[in-house]
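Going in written order, the chains are labelled A, B, C, D, E and F, and every chain counts its residues from 1.
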Amino acid sequence: MTQAPPPAIYSLAVPRFVGVPTFMRLPYVGLDAVAGHEVAVYGIPSDAGAPFRTGARFGPQAMRAQSIMLRPINPYRGNLDVLGTLRVCDAGDSPVVPGYLPETMLRIEAYTAALLAAGCLPLGIGGDHSVTLPELRAVAARHGPLALVHFDAHTDTWDAYFDGLPYSAGTPFRRAAEEGIVDPARSIQIGMRGTLFKPTDISQSIDLGYRVVTTDEALALGPANLARAVAERVGDAPAFLTFDMDFVDPASAPGVQTPEAGGPSAREALAMLRALHSIRLVGADVVETNPLYDGPGQVTALLTATIAAEILALIADTKRGNGKTPAGGG
Amino acid sequence: MTQAPPPAIYSLAVPRFVGVPTFMRLPYVGLDAVAGHEVAVYGIPSDAGAPFRTGARFGPQAMRAQSIMLRPINPYRGNLDVLGTLRVCDAGDSPVVPGYLPETMLRIEAYTAALLAAGCLPLGIGGDHSVTLPELRAVAARHGPLALVHFDAHTDTWDAYFDGLPYSAGTPFRRAAEEGIVDPARSIQIGMRGTLFKPTDISQSIDLGYRVVTTDEALALGPANLARAVAERVGDAPAFLTFDMDFVDPASAPGVQTPEAGGPSAREALAMLRALHSIRLVGADVVETNPLYDGPGQVTALLTATIAAEILALIADTKRGNGKTPAGGG
Amino acid sequence: MTQAPPPAIYSLAVPRFVGVPTFMRLPYVGLDAVAGHEVAVYGIPSDAGAPFRTGARFGPQAMRAQSIMLRPINPYRGNLDVLGTLRVCDAGDSPVVPGYLPETMLRIEAYTAALLAAGCLPLGIGGDHSVTLPELRAVAARHGPLALVHFDAHTDTWDAYFDGLPYSAGTPFRRAAEEGIVDPARSIQIGMRGTLFKPTDISQSIDLGYRVVTTDEALALGPANLARAVAERVGDAPAFLTFDMDFVDPASAPGVQTPEAGGPSAREALAMLRALHSIRLVGADVVETNPLYDGPGQVTALLTATIAAEILALIADTKRGNGKTPAGGG
Amino acid sequence: MTQAPPPAIYSLAVPRFVGVPTFMRLPYVGLDAVAGHEVAVYGIPSDAGAPFRTGARFGPQAMRAQSIMLRPINPYRGNLDVLGTLRVCDAGDSPVVPGYLPETMLRIEAYTAALLAAGCLPLGIGGDHSVTLPELRAVAARHGPLALVHFDAHTDTWDAYFDGLPYSAGTPFRRAAEEGIVDPARSIQIGMRGTLFKPTDISQSIDLGYRVVTTDEALALGPANLARAVAERVGDAPAFLTFDMDFVDPASAPGVQTPEAGGPSAREALAMLRALHSIRLVGADVVETNPLYDGPGQVTALLTATIAAEILALIADTKRGNGKTPAGGG
Amino acid sequence: MTQAPPPAIYSLAVPRFVGVPTFMRLPYVGLDAVAGHEVAVYGIPSDAGAPFRTGARFGPQAMRAQSIMLRPINPYRGNLDVLGTLRVCDAGDSPVVPGYLPETMLRIEAYTAALLAAGCLPLGIGGDHSVTLPELRAVAARHGPLALVHFDAHTDTWDAYFDGLPYSAGTPFRRAAEEGIVDPARSIQIGMRGTLFKPTDISQSIDLGYRVVTTDEALALGPANLARAVAERVGDAPAFLTFDMDFVDPASAPGVQTPEAGGPSAREALAMLRALHSIRLVGADVVETNPLYDGPGQVTALLTATIAAEILALIADTKRGNGKTPAGGG
Amino acid sequence: MTQAPPPAIYSLAVPRFVGVPTFMRLPYVGLDAVAGHEVAVYGIPSDAGAPFRTGARFGPQAMRAQSIMLRPINPYRGNLDVLGTLRVCDAGDSPVVPGYLPETMLRIEAYTAALLAAGCLPLGIGGDHSVTLPELRAVAARHGPLALVHFDAHTDTWDAYFDGLPYSAGTPFRRAAEEGIVDPARSIQIGMRGTLFKPTDISQSIDLGYRVVTTDEALALGPANLARAVAERVGDAPAFLTFDMDFVDPASAPGVQTPEAGGPSAREALAMLRALHSIRLVGADVVETNPLYDGPGQVTALLTATIAAEILALIADTKRGNGKTPAGGG
């Protein structure tokens, strides 16, 4: 059956600065109109979990404002027409409640669940990393325990932050393992680097069952081998890809919540994403973009949008390869 | 006949940073859906006429991003429920063609005419001051010669800029007088100050028939007397209010195209607008906001939005006073 | 009994950029060493209550960094040697828990209570306005219902924000009235301006018993009359002065949480503070400074520090006048 | 004898951003070509005397970059054609030696003397206030003891900074009085405000013989009375006007070395300058502009250039009034 | 025949912040004085062709301000004394007409032709990429069809932008091929990457006859092989090198018009330029530097200046190698 | 003998933005309390030697503000517990005298000597590179001629700057060789790149006896070989490591005094440091961080702190290896 390409505004006809920016100039639709789209890109503007730099609540807007520089064809997967292959929309933002992290998480879970219920694969834009836990809850409720493909400078598997309270940007992947919504045996954490709070900051993830690949190891493997390792680890499990922008070096991503000196460049990070294949994604997010720390060039926001577009390309490539619609909520 | 208030998103329920910002969180509608609104706020993102600092193309987006801080009730006109009194929408942006000022002006005129044809009073957000000429052309085509109420540090009645070319941010009100779309005998220019190119920079306006009130004179008059002078000058002519943000002192409006030291403060400027009354507005704009020069606090963009909201309040107040719908395109 | 002046570092001997900045270069002491100081200046770095712009958690640091430009003698109260008259320390920051506003409020209340227990008058530096409620709880626990002297562009007496949750920067003074820790009949709110959510945004305060003086009214009164009105309202009740930096116009204070165009200038605001007299202060704070929006000149942070220093001068002046030590926790 | 107007580039013909910016787009000449000009505007890019914020070395460049917005006619003195009345050049920058303040002062004195020897009235652009002492030395060497007209938030008459070393931005006007190059009995300091190091910060100036007018007093007097007071104080003595940009409130001048909250607005400051008359200026400077703290709008640099242009207008007005060439080095 | 080295100001004697910055502190000469220089570096301050981010009109000034950090000796070509080998001047800026792109292009062509007529090789500093077409017209008028060596993330061979209008930053190299002023068979485009508007964005260049080397291919080749490929492609044709700063990754060049994530680092880009040899350059430019997006460190402007200096070194190296003066206009 | 770990504030318990930032949240102690610490990290806030960009006086504060993101365990040396192995304090800042470089150097030497006398190994944070000479004087006075391990884009062995004056950021390592406090035969300079003032800019160092390794050579060697070369050069001499932040590419370190395009990335620079071993460090510094040029992300300051932490790790690793306390002043 044929389908019309999404009516993204065409930047050769209408200058990019004309009109309100939505993700890649795609239609901006409410929950009542997301049905019929295969992928819903949506903002999750919460920084309630930020232990230090705050402002990621403005991440979705900043990402959108730079995403208008992106174009629909991806040359890294054979001139793939991403927006012609996939029906994608900008599904607005999840509600949040500033100052009330547990309440905020409930709303994020509900919004993600609504997108899934409408048949959309949810692609979230953070927000700090605490937003991923409610996303995972909603996606796992539909698909069962998830394989996690996690790019980040930090494991985010600490037990608690600040007086033992359970939720923050530093704890979601311990909680997810405890809750059984992620299957660590199918999961991989990539990019850890920098100084540690405790000698166990890395081993605590391994103890939970995750595979951990440090930045140095990931770069030594190279994109192709790393992609192979990911594919082997994930297998045919339903997978969730979460990309914390602090995975990338601060030179390429100064506008993040917890910058860690000495990471991969933007080119190295993109090459890793472009090499991924054979993953059955059922959800994804890109998080921790903080435009208040990003400088006038907004290079972090642009890279965030580019990474979101590469994740879309991976989903479209999978669809092209197997002729099946993405497993959003199907 | 009763009418529903405009469905602006309510900021006591939904945090302001949730979702894509539109003017005062009002619905964002295309030309095909503006009918039924009394006022259409729209962006005119052209800086093709900028003789020095460029970037006003991003003015509409910046204004929208700060306008979400505004609320619907205006206490300066008796707790007037502006958005309950007037049906207002955000009508998107006029198309433009970077680098081609004459072609851009045609598109602005057409967009403005379309809003008028749909029955909306057009309230434009610039863009540099060259955008006002095509607005005036469209509005005068419907309403006849217009009374101009012009707040600005500069007369913008020079004959030509740069090799005698006729259009720029410095020439629209000479062109408008020449074309007969503005009636200088009904018009007033308020706020001139600063150094001059030629001894005739002010008198050239007077020679065209405008009344000129300098910044010093406006402040000496005070808001009430100034408002009286405006009302007397304009009379019952259909009026167009154009507000160049450089009217305000650079301390309150650093993000403008041609800052001029020594102007009114934001409070003084707002007091002048709040005192206006008895003007039959048929169009308006606020121009020359340039967020690239505005600093992280974006105080200019916030003031721009506040001024646009005060113009809305003036229109709503007139409607409330005389029971008639604004003369947008009626 | 004689007392040594506080050992503030002397900026004619040691350049201001040498060493870690503390408030006015005063000693930085922990809770275990605050005893013996009459006033404890302390940071309350929480922005958990921020409904829009976040970042006030960095307000105390920013204020300290600019406070080093201040000198000990205040010429507006007869060359009063503020730091020679009062024993003042920088008492560090209250603990907070990002993302958990109710838990954060408990910690602020406890920290303030500890300062009071050590005999110090607490002078807090925010943080968003939600921090004032736990301060009031602690101070009222010691002194009984308080007269509130409240400078702000907004009443902050809304009932709830976002799904009916009780705490935020917009609700503390309704909560305080409900809890009986503030006596509205002795209290005054000064500086309200700008657009309103509802027609009752102002009257809701009056209904609670507060006196409300808008920005326009405050400026029309002038500093001396305003001070008289404050003194009459407060009488001899124990008073708490809370100063929200958005009271001041965004030109003078761009780095705030909820800027409102058209406020008093820095000079006008300082004049109002310098005119205050005959108030029995038992606590105070200056809040909502957000350095992420403040520009490289950090004028908001400098003004915040200057206002804190003027509050200190008011306390010192009262002590000089009546020979009594400030009623911190005595 | 007729004279050609200075060949400033005409901004109605050549856009302001075309070419390297010089002061008001005037010719940029070396010391070998200044002869024949009545006024030499020159940079003094030293911040060696800065006790806190450094970067005023970039003040002259920043001032030039904004000065291109200025036009040759001054409407505040009867549409005076300033650049047609006076022969003005941009005479480049004085040499300096970073890190060596005494050596730097020798070079500034020599450069100023060379301008005077060529018959030019020197109008310096700082640099921090330590540059004024060598200027005064050079000017007084030619004209005798000078009447000082000093706009500043601070007296700059401290005895020493940092280990008793004699030179800094805080000491020049004590040194000048000691050296007899300024006649305090003919001199006036205007604008003092803010907290003091010692109770004598103001009286130390009076003890030296200066008249001191605080910010509050200057504003209470108003421009006309203040100008009268200046004229009476100066009489017919050869006068040097020094304008420290921190005289102005930080809202209007955030990019200064030692901001002091609560000063005059830009408009108030310009009104004071525009009211001055009957002063026999033989030298002047505008100092302490620091673009590193000025924000993207560069409002301080624009105001600095505007103030320099007003000083030029005062000189031109005097020449027009008495038919005599300015007493630069004549 | 001996020649004096260009009298660039020596930064070991005169601090770099002293005086108005010109390119590498070389003499700033008008068109009437360029004769006798072998290379004329000149600004082309037009951003009329910018389809998105505007502000490249300030590129030349920003580049000059950072170029003062460069020194005359290039160690990458055997300690080549570039400014001692070549007579270079800063030839000011081409006139432009804001808002009128076709008219602006005529002026750029005329200015470039005048430099060529005076015997100078033109080295332009943009401005957006639309400025290169008139440069090529002028250079080809003297030297015949040119070999283009084009570094860029984009091909800039689209047919039209915005309503079919022919000129913009996205179309010059289609126009140049159509006009026969560039010989695509001798030309090479290097650095293409990122998403595409259409599947033909790359192949449209190949269809025109260009050789295209993507970023990935260029990095895989390495500097030496790439230089060999360039030399073979260009042969002995007169060549024009155009370097769009968006060739470089946004981490190294945030201040550009159309940033594209994932490009070469500054070091990789410089290595490619330093490896070039055996090219008969008759003109060159570096374009699309936009200081409004460059952050306080101005790293893009510094890199722009460094790249211009490397192009000078290539020209000087060629002269040293073959003893012939550069083929500017000879 | 057991020792308690330093009481650094634990960022899993207390959010990083709570309290005044000291280096890695370690205790901030005066000279009277440094005894008992093995390493004293201290600021040297002088930019008196800066030949161009000034502001490094704010480097220590900026470094501290970002250092709070660091954690105590270093995984690159076998999960070494750096702060548990070494007793480290933040020893405040050396006094300085703005504008008086020679006098400033005396104070730096004295402060460093006092730290040594208390038994601490001094680890200074600049400040411009002129601060290293007085550090070397103090350290050599205790340990004899030092082996210098010098990372920098420039040799800093020029003879004089600006009128032959001996001290500046460009001359310390010639002075040190002349004074015999550094033994060039044991010393190595790493990272030189970019254009040169004179053909001898590099060879002048070799002539003094230093070994010079350019950026290109260092990267070609790789971290392990470079570390071997350093170890061989230094041997068992007491060594001083000085790290100028301009060693790193401006993409990773925009906030430096003399940026030089084309350097190692942050990751490459850190790898070089992490490979170092078997050096008997008796002192170290990291210099030329200038936060005024660093952008809102403050990536340079964060990298500066990370490098300081890596130097600490090298010292701790040496202690762990040989069981001996660091040779601070012992």
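Just so we're on the same page, a residue touches a chain if its C-beta (ideal position, glycine included) is under 8 Å from a C-beta of that chain, and two chains touch if they have at least 3 such contacts.
Owing to the predicted nature of the structure, the values given are computational and were not obtained by experimental measurement.
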item: Mutual neighbours - chains that touch subunit C and subunit D alike; value: B, F
item: Same-interface partner of C-D, chosen from the options D-F, A-B or B-C, over half of the pairs matching; value: B-C
item: Centroid comparison with subunit E (C-alpha atoms), farthest chain; value: C
item: Whole-Å separation of chain centres (CA-atom averages), subunit B against subunit E; value: 41
item: Residue numbers of subunit A (touch at least two other chains); value: 14-15, 17, 51, 57, 97-98, 162-163, 249, 251-252, 265, 292, 295-296
item: Full enumeration of touching chain pairs; value: A-B, A-C, A-E, A-F, B-C, B-D, B-E, C-D, C-F, D-E, D-F, E-F
item: Interface residues, subunit F side, partner subunit A - complex; value: 10-17, 69-75, 79, 81, 249, 251-252, 265-267, 270-271, 295-299, 302-303, 306, 309
item: Contact set on subunit F toward subunit E in their complex; value: 51-52, 158, 160-163, 170, 193-199, 201-202, 214-215, 249-252, 254-255, 258-259, 261-265, 292-295
item: Touching residues on subunit E, where the partner in the complex is subunit D; value: 14-15, 17-22, 28, 43, 45, 57-58, 61, 64-65, 90, 92-98, 292, 296
item: Complex interface listing, subunit F residues touching subunit D; value: 47-51, 54-55, 57, 97-101, 103, 130, 162-163, 165, 167-168, 292
